[in-house]
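Encoded as structure tokens, the structure appears first; notes follow it.
Naming follows writing order (A, B, C, D and E), and every chain is counted from residue 1.
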Amino acid sequence: MKAFAQRHRGLLILAACIALLPLGVQNDYHYDVLINAGLNAIVVVGLNLLIGYAGQISLGHAAFFGLGAYASAILTTTYGWHSLAAMGAGMAGVGVLAYVVARPILRLKGHYLAMATLGIGVIISIVLNTEAQVTGGPDGMSAEPFSVFGFAFQSEKSWYWLVGGCLLASVWLATNLINSPIGRALRALHGAEVGARVVGIDTTHYKVLIFVISAVFASFAGSLFAHHTPTVTPSILGFIKSVEFVVMAVFGGMASVLGSVVGAFIMTLLPNVLASIEDFEPIILGAIMMGTMIFMPKGLVPTIAKKLRRKEAP
Amino acid sequence: MFESTLQFILAGLTSGAIYALVGLGFTIIYNASHVINFAQGEFIVIGGMSTVALTAAGLPLPLAIVLATVVTMVVGMALARFAIQPAKDADVVALIIITIGASIFLRGIVQLVFGKDIHSLPPFSGETPLNLMGATLMPQSLWVMGISAGLILVMAWFFNATLAGKAMLATAYNSLAARLMGVDTKWVLLSAFALSAFLGAVGGIVVTPITFVSYESGIMLGLKGFSAAVLGGLGNGIGAVAGGLILGVVEAMSAGYISSAYKDAIAFVIILVVLVARPNGLFGKKGIDRV
Amino acid sequence: MLLEIQGLESHYGRVKALKGVDITVKSGELVALVGANGAGKTTLLRSLSGVQSISAGAIRFDGQDITKMPAFKRVSLGIAQVPEGRQVFAPMSVEDNLLMGTYRRRGAKPADDMERMYETFPILKAKRKQAAGLLSGGQQQMLAMARALMSNPRLLLLDEPSMGLAPLLVGEIFNAVERLKAQGMTILLVEQNAFQALGIADRGYVMETGLVTMSDDAQVLLGDDRVKAAYLGL
Amino acid sequence: MRGLKTIAGLAVAGCALALSWTAQAAEPVRIGAFLAVTGPASFLGEPEKKTLEMYVDRLNKQGGVQGRKIELTVYDDGGAPDKAATFAKRLIQSDNVDIIIGGTTTGTSMAAIKIVEPAGVPFISLAGGIDIIEPVKKWVFKTPHTDRMAAEKVFADLQKRGLTKVALISENAGFGKSGHDQSLKVAGNYGIEIVADEVYSPKDPDVTAQLTKIKNTPGVQAIFNFGFGQGPAIVTKNTKQLGITQPLYQSHGVASKDYIRLSGDAADGVRLPAAGLVIADQLAATDPQKPVVSAFKKEYEEAFKSEVSTFAGHAYDGLQMALAAIMRAGSSDKAKVRDEIEKTSGYVGTGGIVSMSPTDHMGLNLSAFHMVEIAKGDWKMVD
Amino acid sequence: MSLLKVTNLTKSFGGVSAIRDLSFSIEAGTIHSIIGPNGAGKTTLFNLITGVYTPSSGSVRFNDREIGGVEPHKLAALGMNRTFQNLQIFHNMSAVENVMVGAHLHLQKGLLSSLLRLPSLARSEDQTRDHCWELMDFVGLAQYRDAEASAMSYGALKRLEIARALAAKPKLLLLDEPAAGLNDTETREVDEVIKRIAAQGITVVLVEHDMKMVMGISDHILVLDYGAKLAEGTPAEIRSNPDVIAAYLGNVG
């Protein structure tokens, strides 16, 4: 138990936050913001495995999020599937798709990889926007309510606990993965790719693997999102949304699971806080993005953690 | 049949010349600093918008153009000085975030200063379409292509015939050796941003009569310009121009012969295919990307 | 005293590459700096040119403190370096490479100088339109030297000019260095090829792991058994 | 370890603070709006926002409604439906608004409906999509004409001119897509055959490829473009460039002077359906709309130094109907206000004369739409 | 049978031969050094043996298997491992994790067990960690057991790379300038480590400039000059070879 606590300090802190936050929540809108933050956090936890740990960028992850959402929406409404089955099918489908595209594009590096992932995102978004008979086109479509074992999640409060639980599970899984041989292989190929290869790590294999895993995380969050939001529209899988996910990951802290969560929460809350001065919103958002990367390129949580560690040290 | 093919090509070249200009801007900055400047599209907007605002304020067009270009170059240098230089050692992802942040920031400023209306400028030489073997072309398209070609030549001259231009290239090829030759590489970075802001501003001014300009125009143009630069091979000016023209023509041909709904998707599919076959773009050199 | 280095220290990341080096070079002198790989010779030259940060110590050039001066200003003062591994601008033509050497000489007419370089290194003239990257190693070395000379330097820093070259070419390079010395050029020569370097030098310094361990007239060093030992582990 | 605890504490406090920032306390009539102030539909959302702010401000200076100040809260959804849904929740839950005006686009309005219906808050949408009010939803109303009506108006005009083979070109985003679908649906009713069907992206710099295809389609007698923003202006210019002589029709999405300004001479001869507002001075003196639209146009243009658009008018109508309903209800009680909005009858607005009913939550008919032709850079009423 | 046999190996870059028609073999259980002046082609040879470069012609056989151009991660699985002159340390990880990466080949790597951290995986991880700590002790890094790699000195990192390579349980270990940048004391320590590795039956090949070290520990020395073999033999033979002296010190005058 002690070992668990030590290994999962971040998880325990997060659990405490999730448990305590409702004390400050006054109404459904607040829950709504927190739920969206939690869903974004699940995507970002997965994305950070790819960007922060394995060092590969993706500017197309919103597409996987969106595909998960559309899978749930289409399969539950048009085909009457159970919401869990639809979610599973979405994750499987996205996993296969990610696997197919990952092989060729992960040979690319840096900006070329950024371009390729961006392109894949744009293509998927155009398809979903255009195939209106299936997807509802620009106006989108809705999913049936999310239900597990006969319990339909309707109230915002129930959603809060659902998403909170899923976020904790995601963080737990991600932390486990990072501290496994697979996770070490990922970090190693980021740290020194040649060094990783000579000790026997098939780096291509692991790049593909983590790309698929992070896509599946996004799809999972997308499915939940589809059941929670009134309508799923192509705006949730555009280029901008992909950039938002990357910003959350980098802002909170690359290669930091807790950082992903903090990044997602702050960047989700921020537009809501700035809504009253909306004319200045882009200026402030842009300044924050630049400022963070210039002054703390490692992101919020790792930088603060380092400062605190230094203070604590005698 | 031939007429419509020609028409598609002309349409593609019009859009393509615009993409090429933006792509060239990406290339210059990439060459000098290995930074992909996602705020490149904003240079176009600032150039176009300032010209519109200055002419609206009563300035004659030529003066407005000069001033707008200067304003854009100042913005470009400020970006280099205050956002790129302090983060010189940041990795690719951080730099991508910085320049995307810069583009959002500049978009916000433009929106605040110039408002949200869509604006146009009068075409430089009338609106009578030119007839070319049955296909038509607006004179302004010729301006765009001509000025793009002119700028490309000017760039070629700058990089091949001036010491300053050669110093910029030398910095890109071997920054250590350039410093040993006495090149102030910090200044090279500022100049590169100024230069590509100049390209952006001029581009913005010539394309505004065709595509109009609003505070949001930069997103799409930035994306297309980036695609053009990557398609051609980062760091290669000819590649960026070719990439832009190919992109424009592919879009127009797809819209004409396959499906207008999927024309953008087809363009991206082609980029992906090219990248898979040639991981450094059409004209890119192997290993030039130090990432 | 043209160049004075006092207590110079420098780090490569966390590795201390220079641990307090003192070296002087008089005007018109050819000074050889020899030592095994990793002794810190290249780091020293890089700190002289200003492309390597200095953590302690001072550098004076012609009486002026240049310790904190940016690299490009040092070139203007007349310090030129021929870096290790040549570092030519590979895609640029031979001519353009030479032209880059004049970057800090405002108002200079490069044509005459270029002719002079072509006289010294005739092979460069024959290849002047070719991309520098396509030249052989020896030709690149000559180009790098000519490029540095184009800046009309008062102090030439040569880093391992013989590295990786065939014996015949090594001889040619050393001949060129001797000619430059004869013309009055002040040269600080870093070499692994100790005997050959000391053979043409006035004075020499032996470096080991970031420190100068011996310094004397070149001829004296040539006869010293400890120099041999430093190389062959005898 | 202590450090991490501090972070955790700060995080909880920070979140609570951020969320409670929005909590306020006051007693006025609260009107909420979520509009596409930025994003692709910003030139619809922007005048809507300006109009709401101007009139609320003016009313407050005159003492408000029944002695109560009006408090207006506007959020920018950027045209994104998921954001609109969140803001709708915020308006209802945090800002406790009595009524919501807004939803610049059909997408955002449809998303918000899912929130306002169960919450029971009257909602007046400013978007065109017919789905918003068909089928009728208890709490949902809208002020603009529907895209279907626009299509019908255009097809009726074509029918009158004896043109039956039409090429459709539309923007592949929300407004154009919905208009495109409605056009296909009603074309048959007017004996119109759609012989070509092309789309473009909202930011395309050139659409001559699509128009060339249309030009090469045999038998095209007219072109109908459904879109807003810069797209229609580019379509217009490209049509002229290609020497296409068939008449070009636009939708009500371009009923602002910006369109004419951007298109230049190429706009001459283009026809579109528009509300009375854009041709205020050309309306017959007997037209009941004339004084209303003339006054609004004057006030708007004096305040903002820019040409009034019908989108501003949609917001004006929404606000007027909401306030009238509140007055009639004598309170801001949501249910009563809803009932009163539904009873709106003979309200003369910028979009037409509105008479709602339990089965019609828009209350406009085709008569309020005028067919307008552009001539010499200005609107000219042709029916 | 030789553990490694190089026959007529040539590698050229754009027409220039970096390695020319080189043949030699390495016997199992020996310490073998490759020396030569700067630019003689030592690093190129290393890269050819370890799969970083593909030979232009000729063959490299390891354990009687052709390995020219075989990818590095497959070579590792065959029992070949190496360290680097320019360190390839995973600075984003702790010291012991660096070594644990070395053990990657021999670990349980199931995705599900990793995600869920199943008890069997947790146990295997604990054992690996203990084993890697022992390896760190073996190379003299006992005091760095809990250190972050980014906080270690250069000399320690060099040994960390050796520990990492050992974790892969190699038959052949190639060390690229293990003493470069180290002071005398550190060099002697590395010296000791190499001898202990060889004593365990692992064949060691090193490229090194420090002649004191090379002469002290090698069973066999190969001297390269201009990409070709200049001399080969025991330390005593090499020391007295006039060609070698000339190549190293240059011709006087």
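Going forward, contacts are C-beta pairs under 8 Å (C-beta built on N, C-alpha and C of every residue); 3 or more make two chains touch, one makes a residue touch a chain.
Treat the numbers as computed from the prediction; the structure is a model and nothing was measured.
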| item | value |
| --- | --- |
| Set of chains whose contacts include both chain E and chain A | none |
| Contacts common to chain A and chain B (chain labels) | D |
| Pair of chains joined by more contacts [C-beta pairs], B-D or C-E | B-D |
| Between chain B and chain E, centroid-to-centroid distance (C-alpha), Å | 48 |
| Inter-chain centre distance, chain C versus chain D - centres from mean C-alpha coordinates, in Å | 74 |
| Gap in Å, rounded to a whole number, between the CA centres of chain C and chain A | 53 |
| Chain B-chain C separation of Cα centroids, rounded to whole Å | 42 |
| Touching two or more other chains - residue numbers and ranges from chain B | 111, 219, 261, 264 |
| Touching two or more other chains - residues of chain C | none |
| Shared-contact residues (touching 2 or more other chains) in chain E | none |
| Touching pairs - complete list by chain label | A-B, A-D, A-E, B-C, B-D, C-E |
| Residues of chain B defined as touching chain D within the complex | 4, 7-8, 10-12, 14-15, 18, 111, 116-118, 120, 122, 127, 129, 136-138, 207, 210-212, 214, 216-217, 219-220, 251-253, 255-256, 260-261, 263-264 |
| List of chain C residues in touch with chain E within their complex | 13-15, 36-38, 134, 136-137, 160, 162-166, 170, 192-197, 199, 209, 222, 228, 231-234 |
| Touch list for chain E against partner chain A, complex | 50, 52, 71-73, 75-77, 81-82, 84, 88-93, 97-98, 100-102, 104-105, 107-109, 111, 113-117, 121, 125, 161, 164-165, 167-168 |
| For the chain A and chain E complex, residues of the former touching the latter | 173, 176-177, 179-185, 187-188, 190-192, 194-203, 209, 213, 255 |
| Complex contacts: residues of chain C adjacent to chain B | 49-51, 70-72, 74-76, 80-81, 83, 87-92, 96, 99-104, 147-148, 151 |
